[in-house]
Every structure is written in C-alpha cells, then in structure tokens.
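So that you can tell them apart, the chains are marked A, B, C and D in the order they are listed, and the count of residues begins at 1 in each.
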Amino acid sequence: MNDLLGDYPVIIEIPVAWGEMDAFGHLNNVVYFRYLESGRVAFLRALGDIEFMGGTGIGPILASVQCRFKAPVTFPDTLIVGTRLRDLGIDRFTMEHRLVSRQLGRIVAEGEGLVVAYDYSAGSKTPIPPEVRAALLALQGVAT
Amino acid sequence: MNDLLGDYPVIIEIPVAWGEMDAFGHLNNVVYFRYLESGRVAFLRALGDIEFMGGTGIGPILASVQCRFKAPVTFPDTLIVGTRLRDLGIDRFTMEHRLVSRQLGRIVAEGEGLVVAYDYSAGSKTPIPPEVRAALLALQGVAT
Amino acid sequence: MNDLLGDYPVIIEIPVAWGEMDAFGHLNNVVYFRYLESGRVAFLRALGDIEFMGGTGIGPILASVQCRFKAPVTFPDTLIVGTRLRDLGIDRFTMEHRLVSRQLGRIVAEGEGLVVAYDYSAGSKTPIPPEVRAALLALQGVAT
Amino acid sequence: MNDLLGDYPVIIEIPVAWGEMDAFGHLNNVVYFRYLESGRVAFLRALGDIEFMGGTGIGPILASVQCRFKAPVTFPDTLIVGTRLRDLGIDRFTMEHRLVSRQLGRIVAEGEGLVVAYDYSAGSKTPIPPEVRAALLALQGVAT
C-alpha cells in the first residue's frame, strides 16, 4: 500500500469504529470528514514549532473541504490517511488527502481542503507568514 | 405525550438525523448521549443569568452519565428530551432525562447525569453556590 | 431569511447542539456534512413514492460532497438547510445546499453533493429511471 | 500502564481525534461512548465464531450504558480501552470498561454496559445460549 501514498509526507492510521457505519452498513460519508480533519491537523502539526496555530494571531481557517468516495468501507478496517500540499498561494494553500483501506488494499476516498491564513487581530485574510511558507515547502520536499 | 413529561421543567425537541442510525438501522446508542447533553445544556441555561458556567470560576463538571434504552428509534422521528433535577447535594446534583419519541408516542430512553461543582481556580470540588442552589430548586418548582 | 432560500424547494431546520462545537468554539466542520446529509435525505424523500431508494434495486450513491464555510456558527443557533437540484445528467445529478443561520440571518455555508444512480443487482452505474428524472424536475419546478 | 488493565482480556487502542474535543477543549463526553462501543464490539468479536450476532436469530441488545469520567483528555493522545465480563446472568451480562490515557498514564474513565440476549424471531428476551455462556467465561478466564 505504500506505493499508493508515496507522495504524501504526512501519514496517519485510524481504526474504523463499528459505530461509524450507517444504516447502509458502510462507513458513513460524514465520518470521512473527521478522518480528513485528522489528516489536516497532523499535517499542520508536522510543520513544527512555527506558531501558525497559536501565538502570532495568524492562523489557518478551513475555507472549504471536499471528499470523493471511491469504494465503500466496512468495519473492521483501518484507514491510512495521507496528506500533502498541493497548491500554495499567497494567503491560502490546498491540502490533498488520500484514504487507503488496509482491508481492501486500495484507495477508498480522496479529498482536499482549502486553508486560508487569517489574521485574528485584524479580522481579515493575510499573506501566509514566510516561515510557514518555508515549512510547508520543506514538508512537501520542495527545494526553496 | 405531554403527560409523559409533566414533571420535566426543561423540554427540547431534536429531529433525528438519518445518519445517526447505525448498521442495525436504529438510532445509535452514542447519539442518545448527544441528546442527553443537549438536554443538560438546556437545563443549565434555564437556570438563568447566574454565571454558573462562566465568570465566577465555579462551574459544572460532568462526573458521570448513564442511559437506559427502552425502544429502538428510527429515522424519521423527533425526540422530545425532558430534563429535571432529581437530587441536590452539597457539591453535586443529578439531572434526570426522559426521551420521548413523537413517532412512537412513548418513552424510548431514560438517562441521568451527575454534575459536580468545580472551582477552577482552586482545582477542586466546591459547594454549589447558594444562588445556583436557589435557581435549581426554583426551576424544579421546589419551594425554598 | 426566506429570500435567501427562495430557489430551494426542500427546506429543513436543524438546531445546533452545544456538543457540535469544537475546541475553537465554533460548529465543527464535520458537523456541516451531517447537516448536508440531512438536507440530501430530505430532498430524496421529497421525490415521493418512487422507490428510488428501495424496491427497484436502483438507488442513489453519494459520489462526492463539498462544503464551503462562509461564517462561523456558535451554539445556540438553528440552521436552515435548503436543498435544490442543480445539474441533472444521464446517470447522475448534483444537489446544491445552502445553510442559513437563524441567529446571524445570513448564509453560513454552501455545499453540493454528486449523486450517481447505481444498479445494485448489476453492480454498476445506470441511467436515472425516467420516473425519478420526472420527479427531480417536478420537485425543482422545471416544466417537462 | 499494563498493570492498570491486567484483568481486562480484550484491549484495543484508539487515537483521539482533534475534532473530538468540544468547546471546553477536552474530549467530549459523548465520544467516550463511541470508545466504549468499540470496546464492546471488540469483546463480542473476541467470543469467536459463535454466531451470537448473526445466524441464530439470537443476538445481544444494549440495554444500558454508563460512563464515569475521571480526568479530562486532550488531543493528542491515545486511549487504551480494556473490556471484561463482570456479571453473567441468565439472559444478560454486564461488561466493564476501563479507559487509560497513554499521555497521562492513568485511568481517565470507567464504564459499563448491560447486554441482554434477545430472540429476534420471538421478539423477547431469551436465555444466553450455552455456547455463548461458555465463550464469555472462557474469554474472562473463568474455569467452567
């Protein structure tokens, strides 16, 4: 399964809970967004001690998120969530997620989240701080 | 259904979501605790402007919660959640909840929650402030 | 608020639960997808007695879903979820959702979901049955 | 931490998700019940191939569940959920759960669930089948 996640620098594993299946007997669509969120948080934490989420008053805001469902997931299973940087804009960046099932050995969902840098004191969008840009690119293995 | 909730001074209604059913096709047991929590919060809010949850540094902590399931619930339905004071101790009180199904016209679950007054600055349990005691008893219609 | 939802033939209201807020003190992003799902289910149920979800062996599968967050939501609030048909393809259609806050009197999120008609016995996508097409268009008020 | 779970024959680990924290910045009380459910399911699955949950028409129904909260949990953390048999009655049994935090190295919650054997064809409670009784006792290490 590792080749499915080769480009994803941040990888976490989440055991599927029985109670996350819905009346169709599959992992409910809403739960995938919890998994994406956990991937997103792991990615932001992997940026290191750059105070993007605290301290400076500038932090990430989730502007939108999307998930495409490729195959139904059932309990018991464990999903591997890979997260990578896709686009890096001035005041925003897009993360891309891939969910792989250990049980099925295949991609079961793909998602993406648009994150905007927000200046909480100013109450408006703001350019991504240089050290955050550098950390994002370093995490993704892009030479700067 | 009103006679089922006659003794419950705080009543809220919550529409059941399709996605809250699990693979057995019934409202999942975990969801009932969200409904109990909403009843609990409504009850605490009904105490009025007594700063039990903010300001004073003394607030309620949920020490335990329980639910007994009486009948399965399916979408579509709306649950009526009644909450009342059962026991009032020195530094704690117990709330009692009753969940009634609009669809079934019967009690589908009963629960209770033990709340302890906590002094956040001291980091320990503390007697319930007198104005909170008075508000609890007034809400329950107990003469003081 | 009604003018914000004029084009949305299916409208439901969902009370925000305190426990749906996350550590940022706002309605957690994952919860919006539960609300979208409830809108989607209400829309499909409004199609009437056409056995799209049972009986025929042909049913809707959620292929993807997206949400754009416009403004933070806090408890207490009630969200009005409007759902409408946007695109109707051969074997798929897109629903559009708008979430309006009663408390804020404004749009707080917009979403969309892509639904594909699936033949469970054949195990493949299939054209939307004519009576479902007709019901979709009728619900949206499109002359046929 | 192993000495805290010595008597618990079924043990699973669950990573805490950031989004499972509520506006108090702690793991929300409702989430504990998802963890208890996962422990319960793991326990029932550990009974082996005895068709308690399918096949025979006799299955377990959750009659009540309770949780006592001992210490707040915050992300990041992993909870170890131990489950054991406590009481074995004629048509019911009680499971006991202990939740231990890897981060805190201590018990953070304890719970219990009452499960009743239900005959779905008869629509009533029924004695626990002998092979299920034997499996329950064997799992708990009780000589029979």
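The rule we apply is simple: a residue touches a chain if its C-beta (ideal position, glycine included) is under 8 Å from a C-beta of that chain, and two chains touch if they have at least 3 such contacts.
For clarity, every value in this text was computed on a predicted model and none was experimentally measured.
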| Distance in touch steps, counted as few as possible, from chain A out to chain C | 1
| request: Could you work out which chain's C-alpha centre is the most distant one from the centre of chain B? | output: A
| query | How many Å are there between the centre of chain B and the centre of chain D, using C-alpha atoms for each centre? | reply | 24
| field | Gap in Å, rounded to a whole number, between the CA centres of chain D and chain C | value | 35
| remark: So, in whole Å, the Cα centroid of chain B is separated from that of chain C by 31
| message | Which positions in chain D are in touch with at least two other chains? | response | 18-19, 28-30, 34, 37, 75
| said: Quick check: in the complex, which residue numbers of chain C touch chain B? | reply: 12-15, 17-19, 34, 37-38, 41, 45, 75-76
| note | Interface with chain D, chain C side, in the complex: residues 18-19, 21-23, 25, 28-30, 75
| task | Using the touch definition up top, name the residues of chain A that touch chain C in the complex. | result | 28-30, 33-34, 37, 61-69
